[in-house]
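Paired with chain B in one complex and with chain C in the other, chain A is shared by the two complexes that follow.
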Partner chain A sequence: MPAEKKVGAQTVAFAKPPVVSATAAIAGAKEGQGPLADTFDKVIDDPYCGEDSWERAERRLLQEALEMALKKAGLKPRDVDYLLAGDLLNQIISANFAARALAIPFIGLYGACSTIYEGLAVGAMLIDGGFAEKVLVGSSSHYATAEKQFRFPTEQGVQRTPTAQWTVTGAGALILTATGTGPRVTHATIGRVVDLGAGDPYNMGAAMAPAAADTMVHHFTDTRRRVADYDLLLTGDLGFYGKTLLEELMRSYGHDIAERHNDCGILIFDRENQDVHAGGSGCGCPATVTCGLIMRRLRERKLNRVLGVGTGALLSPLTTGQGETIPTVGHAVVLES
Partner chain B sequence: MIFLKAFVVGGLICVAVQILMDRTNFKVTPGHVLVGLVTAGVVLSAVGAYEPFVKFAGAGATVPLSGFGHILAQGAIKGVQSGGLLGAFNGAVAAAAGGITAAVVFGYFAALLFKPKG
Partner chain C sequence: MRQNAKRAFDPGKPLEMQKQAYKKMVKKVSPKPPVIRNSIWAFAVGGFICAVGQAFLTLFQGLGLSTLDAGTATAIVLVFIAAFLTGLGLYDEIARFAGAGTIVPITGFANAMVAPALEGRTEGIVMGVGARLFSVAGPILVLGITAAWLVGILYYFLGPRTP
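Right, the complex of A and B next:
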């Protein structure tokens, strides 16, 4: 017998849709000079955030975002049932160390850049399943920590390829509650890990587009919905080339998404003037754009129904070094005003 | 005149490699370029083709990475002449000692003066 709230192969429909009752988005200087500057709660111009290493800076960003979301919701850490968080660094250290400071029962997540959407999906399941009343979700990335983790030391000044994306320095956090006012999470479609053989770590958008397409197509099939049922189909960090590729892929599956599709990696930077090549990326990209711009538009009812698909490239520097291709995943969540 | 020749020749080496990277969609990586230029310098120097190039372009031929390969090759050849087979190994690095030591010393002082955390 299929599970009560499961719809189709990969989707769950929440009986009592959990509410996003507060959000916080904190961004770095470059993001603060971009087109979404006024949607962030705070812009921290110092790339070190007053700390003495990039890793400490990132964890400061995440901790501040989590604390800000709590404050906005008028909650203390002890009022929250679970903290769900993750980031891009080895052993998700930003999330682990931020969780150490907050002392909320903690479930660490790793979905690479899709983590904020993975958190939204799992958090909503915890609440609608009756296991929690309030869940805090957060995710972060930092340009300098990601370069160090996945690419080259920034001091080396290695040339970035035209398809490379710029890791967003920023953190997003949100509070999910069983009751209250705010945008609601009505469905979640958990992605399968997809790998069509792309191996270039400087072209993540192309690697992740098939995962986003796979999840979107299953979402439409499971829910019997169409593109026109959504005001916006938002992907996490496909960037310019990944966005084009996703739209082509979806057309081949019979869904013309081009008019209603946008990508956080394209929204967050001014590609012409900010020298970010193919756009933004990193956990902080979908986290800050979703917790900032998208939630604001939903609250203002300028958007009524959004399908957000967080996309993650599940590679490690070790697998890249060993010549492996890049497994990717897309997690989708339906947000309604 | 030597300045102009050095500028043009050194620049052309860099332009050629940049075009190679761009045209191969960055399949040729900076790592390939580094190893490729040094190796090319060694081979050209060993067959005697690099020395006339250095005479013509001066620093334009010695400063790019291929010039480092040239130094290694010439050092190995001299090493063999004075110290036999072992000299082939000693000579190459001995000839390049200036560049290697400069890299270590300047790297050390840069690390003391700045915050290398990238």
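Right, the complex of A and C next:
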């Protein structure tokens, strides 16, 4: 017997759609000079955030975003049933250490840059399943910690390729509740891990576009919906070339998404003036754009139904060194105003 | 779905064929690095660094050092300047444009040692700075010395005999 709330192969439809009752988005200096500056709750200009290491700085960003979301919802940590969080660093240290400070029952997530969407999906399942009343979800990334772990030391002189993306410094957090007012999460489509053979870690958009396409296509099939049913199809961090590739892939599946598709990695920076090559990336990219701009537009009812697809490249420097291609995943949720 | 036949990518095909088709799509969409612009930058900045080196060499020779000693002193000065600029966070800003022009000269080697050491600082002096110092430069040293050793052996057996 199929599960009660499962629709099709990969999608769940929530019986009582959980509500996003509060959000917080904190960004770094470069993001604060970008076109979305006024959608962030706070911009921290100091890349160290007053700490003495990049890792502590990222942890602070995440913790501040989580605390801000709690404060906006008028909640104390003990009022929350679960904290779902994750980031890009080994052993998701930013999330683990922020969770240590907050002392909320914690479920660590790793979906690379898709983590905030993975958290939205799992959090909404916990609530609609009757296992929680209130769930706190958060995710973060920091340019320097990501460069250090995945690429080169930040001060090393390297020339970036045109397809390289710029890791966003920032954190997003949101409170999901069973009741209340705010945008609602009506569906979630959990992605499969997809790998179409892209292996260039400086072209993440190309690696992740097939995962976004796979999840979107399954979402449309499972829900029997079409592109036109959504005001916006938002992907996490495909960047400029990944966006083009996704649109082309979707055409080959029979969906023309170009007119309604946008990408957080494109929205967050001004490509002409900010020297970010193919756009933004990192957990903080979809997290800050979704918790900032997108939630605001949904609250203002300028957007009514959004399909958000967080995209994650599930590689490590070790696998790249061993010549493996990049497995990727896309997790989708439907947000309604 | 008939239109799919004309498209480059066909999701109905086996995975291996999808991978081939996708590889072509990615190649078509992704721009190539601007090789000519990068080369001009590399030539100009790399040449400038070498000219600065020559200026120091001439200066040190003028101050009375032998050619060998002046060369050593020049290398010390260039390495210091590169390490200093790395510490100030400027070397990578120049390298973004200059590319190979800042990597190939001895200054690039200094940068490749100082940059990881700076990041290792938070993990302490021994396992942080000490161990990380060679994390980028290590392979260059190992392979560079191995190559020099091989060439030396070949030269010993095959090179011209000194009388």
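Here are a few things to note about the model shown:
Convention: the second predicted complex is superposed on the first by the 337 of 337 C-alpha atoms of A that agree within 3 Å, B and C clash if a C-alpha of one lies under 4 Å from a C-alpha of the other, contacts with A are read in each partner's own complex, and residues count from 1 in each chain.
Criterion: a contact is a pair of C-beta atoms (placed from the backbone, for glycine too) under 8 Å apart; a residue touches a chain by one contact, two chains touch by 3 or more.
Here the structure is a predicted model, which means the values were calculated and not measured.
Between chain B and chain C, the partner in contact with more residues of chain A is C. Of the two partner chains, chain C is the only one touched by A:198; chain B is not. Once the two complexes are laid over each other on the shared chain, residue contacts for A:249 go to chain C alone; chain B is not touched. In the superposition on chain A, contact of A:148 is made with both chain B and chain C. Of the two partner chains, both chain B and chain C are touched by A:158. Contacts of A:53 after superposition: both chain B and chain C are touched.
In the superposition on chain A, A:40 makes contact with neither chain B nor chain C. Of the two partner chains placed by superposition, A:14 touches none, neither chain B nor chain C.
In the superposed model, A:230 lies in contact with neither chain B nor chain C.
On chain A, the patch touched by chain B and the patch touched by chain C overlap at residues 53-54, 148, 153-156, 158-159, 161-162. Partner chain B is touched in their complex by these residues of chain A: 53-54, 144, 147-148, 153-156, 158-159, 161-162, 202.
Contact residues on chain A toward chain C in their complex (touch as defined above): 52-55, 148, 152-163, 196-198, 203, 206, 210, 217, 241, 244-245, 248-249, 251-254, 275.
Contact residues of chain B toward chain A in the complex are 21, 25-26, 30, 116-118. Across the complex, chain C meets chain A through its residues 1, 3-4, 7-11, 18-19, 22-23, 25-26, 29-34, 38, 86-87, 89, 91-92, 94-100, 102-103, 108, 111-112, 114-116, 118-119, 122, 136.
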